[in-house]
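After this come two complexes, each holding chain A, first together with chain B and then together with chain C.
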Partner chain A sequence: MILRLLLAEGLKIKRTWMVILPMLGALGILAVLIVDYRLRSEYILGKYPDTVTGFLLEAQIILPITILIGGSLLASLAGSMEHQGNAWKYVLALPVSRWQVYLAKFLILFFLMLLFSGGATVSLACLWKGLGLTGEVPWKTLAMGVTWPVIAALPVLAIQLTLSLRMNNQSVPIIVGVLGALFAPAFANWLPWSYVFQVVPVDYAMSRRFENDPSLWLPIALGEGLIFFIVGMALFQRQEVHS
Partner chain B sequence: MMRSFSRLFIAEGLKMQKKRLLLLLLIGPLLAILSSLSIAGMSTNAGENKWVMMYTLSVFNYGMIFFPLIAGIFAALLCRYENHQGGWKLLFTWPVSRSVVYFAKFSVLIVTLAISQGIFFLFSVGAIVLRGDVSQIEWVVLGQSIFLGWLAIIPLAALQLWVSFLFKSFGIPLAINVLFTIPNLFAGNSQEYGPWYPWAQPALAMIPQSQVVDFKLAGIIIGGFLLFFIGGWMHFNHRDMLE
Partner chain C sequence: MSETDIVVQTKGLTRCYQKFTAVDHVDLTIRRGEIYGFLGPNGAGKTTTIRMLLGLIRSTSGQVKIFGESLEVKKKEILRRVGSLVESPSYYGHLTGQENLEIARRILGVSPSNIEHVLERVRLTNVADKKVKQYSLGMKQRLGIALALLGNPEILILDEPTNGLDPGGMQEVRSLIQELSKEQGVTILVSSHLLSEIDQIAHRVGIIRRGKMIFQDRMETLREMSRPRMRLGVNRVEEATRYLTKIGWSVSCEGEHIWSEGLTNQETATMVETLVKGKFSVYRIEEVKQPLEEIFLGLTGKEEGL
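And then the complex of A and B:
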């Protein structure tokens, strides 16, 4: 059942912006890092203990914010599809339960985020080759470097999807996502938006504010993601549908 | 002409939902100021112009991402009714010219952005009073920063209005805006490329400075405004309205 729902969701996003967006995001990260290394590669190579650490930490300028804001945007696009076509009544009149509809939406959203992390891994590897850095391409570390933040974003994805499914007008969900990504880390490291900044797979303390510790924050993010997912599902189950 | 403009201006104002508008306008400046207060509060560097440092931090928090983004959101909200329910045709059956409709929408957009600047100004002054630096404020510098920031957002507002009436979906203009806003964190710091980037112009114009206006930036902003405003206006006038 859920497989068929996923196929249906896949069909809905076929040939839309939603599939292109993760790729654009990955290319954007590549572009920013190319400029960054061109402008000040000597400074970067001298600043960090080793190349991989420097590579992943420089990616931090843009990677977490892209994941959070991009994820909010994808959640909004996925969640507002039926709002726009006034199609909720039709979808929910089908013989599928609501939690399955919610689950399918969430899985598609997560799949798109994984697509992004795949693309970002490849672009980081290309950059590594292009810069002629020493040693083999550290595929595993690079993949972890972009996938862990995506997993750490699960609570935020659940919050955003819930908001986008509930609200007909998408301006509030988008603003919540953007403001969370921008300001939450400045306030506290336990806020759902902050985890993404704290799971770099390197042994390096960035500052007192960012307590980088994947082994602590990844399980918290996963647990919290599950809680928010269930809460969002329950809310969607009881939601009144007007159109 | 003038009369139908003022009537349409009021009509467009009515279409914006006041409560949602106020919420969107208040939350960004508030969080920007709070986060810069919490960061500035930690630094012990007791310079002469402490308010400048705090204010510059808030300008970066607010101007780099939130302000360009809110311009895109309001542009999309302004075209939402017409895009969703086939309102363009209804609107154009009235005895009003398309140009006046465009001017009215654009005026509501830039007035809303002026309100956003006003709120940011009030919050900034409030934060400075809270810190007890009120005697140091150079009102001319502060006022100039707020006003120039507003002028610098106008080209982007014109561009976003263009994109917003072009696409029927609410998400696409927002996606475009978000995609181009994120690199701001990076492009905005570059002396060379920053001024050419419409999304970075507001923040650059808002950085408090006591010297006279930066003519290069001003020229690019005026050029950009003419390009995007006249382009959007002409396209709006000559476009086939299918629904």
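And then the complex of A and C:
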């Protein structure tokens, strides 16, 4: 059943921004980092203990915020699709379990985020080559560098999807997503929006306010993600369909 | 009529919104194979009832049984055998009609040929590859009916299916409903705020007003309520009415006329004779047939407007 729902979900995203958005995000990261390295190449190369560390930490200026805001947009697009054509009353009168409908939406959302990870990894690899950095392209480290923050974003994705599924008007979920991404990390490192910033796979305690430690924050994000996912599923299960 | 012939049954079905009771202890009974007309003015509670039948909203109290099973317990199994179109049509605007049906088909797990079949049924084959957001309201409504038919349902629930259709389109939907009923024995619940919509096709009707079911019976029974009445024009009308009443006639005086119900030809002749003997002048005798619409309005209250 869940496979059938995923196939249906896959067809729904045809001709939408949802497919293009992850690729745009990956290209956006590439563009920002090109500018960054052009302007301050000397400074960057001198600042970090090694090239890979420097590379991933420089990516921090754009990667986490892209994941959070892009993820919120994707969740909104996925969650509002049925609101637009008043389709919930049809979909939820089909012989499907609601929790499966919710699971399928979440899986599609996560799949698109992983698509972004893939795209961003390739982006970073291209940049590595383009800059003529020494040594082989560190594929594994780069992939972890973009995938760990995506996993760390699971709690936020669950929150956003739940909000977008519940609300007809998508401005509230979008505002929550953007404000969370911009302000929560500065406020406290234990907020769901902060984890994305704290899972860079480098042996380097980041200075300033961030507490970088993937081995601590990844399990927390996974656990919390699961909790929010279950809460969201339970809320969706009970949701009344009026429109 | 045996128990198994009843495919939809609600007992005391009630739904409140805060203090307002939108559906109030509705006992609805639909039998296998019939076309059930669910009538009521706008805001009477038709859609709210239908949402509860489909498990889209919870009831405040009461039960829903479909195919003899509780909806709460056997929801998925029941919905597998039910097709629905509730109020405004449901669709994904960025996809074509064909793709919209394909999404539902994947979830229902029915054969791809069903899509062609239902498209033909609602005459959308030639626009199947157009995006639905470019469809007219009537086309969207027909797509909604196609979606409802896709899983070969045994029960079809259509909430105001002719809304937004032109008269030709309305007639088409009515014919389609009759075909499905006759040829495939589908049980159909069709709601409307217009008696004329239901009048021609329904075998039984339920009339709901302000959340309460005020009439539920065969269409024939509703028609019988529109039996003709006799109207007599006489002089000294009030005195004449008293005169007739005193000797046992069941008549009433309304305005300038005496009214009587269900008179045979012989009774009419006798009544006129009696009046003439009593020195009243009989000016005219007319048979007045009360239109069905009047009865419906009388039941539901004119002030609620249609």
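Throughout what follows, the second predicted complex is superposed on the first by the 242 of 243 C-alpha atoms of A that agree within 3 Å, B and C clash if a C-alpha of one lies under 4 Å from a C-alpha of the other, contacts with A are read in each partner's own complex, and residues count from 1 in each chain.
The rule is simple: contacts are C-beta pairs under 8 Å (C-beta built on N, C-alpha and C of every residue); 3 or more make two chains touch, one makes a residue touch a chain.
Small disclaimer: the values here were computed from a predicted structure and weren't measured.
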item: Clash or fit (per the criteria above) of chain B with chain C on chain A; value: fit
item: Contacts of A:Leu11 with chain B and chain C, given as first, second, both or neither; value: second
item: Which of chain B and chain C A:Val19 touches, first, second, both or neither; value: neither
item: Which superposed partner A:Ala93 touches (first chain B, second chain C, both, neither); value: second
item: Touching partner for A:His242 - first (chain B), second (chain C), both, neither; value: second
item: First, second, both or neither for A:Gln170, with chain B first and chain C second; value: first
item: Chain B versus chain C as contact partner of A:Leu27, first or second or both or neither; value: neither
item: Apex chain A: angle to the C-alpha centres of chain B and chain C, given in degrees as a multiple of 10; value: 80
item: Chain B versus chain C as contact partner of A:Ser76, first or second or both or neither; value: first
item: Contacts of A:Gly85 with chain B and chain C, given as first, second, both or neither; value: second
item: Overlay on shared chain A, then closest C-alpha pair between chain B and chain C (Å); value: 8
item: Chain B/chain C common contact set on chain A; value: 84
item: Residues of chain C defined as touching chain A within the complex; value: 51, 54-58, 76-77, 79-80, 82, 84-95, 99, 102-104, 106-109, 132, 144, 147, 151
item: Interface residues, chain B side, partner chain A - complex; value: 20, 23-24, 27-28, 31-32, 34-35, 38-39, 61, 65-66, 69-70, 73, 76-77, 80, 84, 169-172, 174-175, 178-179, 182-183, 185-186, 190
item: Chain A residues touching chain B - in the complex, by the definition given at the top; value: 17, 21, 24-25, 28, 31-32, 35-36, 39, 61-62, 65-66, 69-70, 73, 76-77, 80, 84, 169-172, 174-175, 178-179, 182-183, 186-187
item: List of chain A residues in touch with chain C within their complex; value: 4-5, 7-8, 11-12, 14-16, 81, 84-97, 240-242
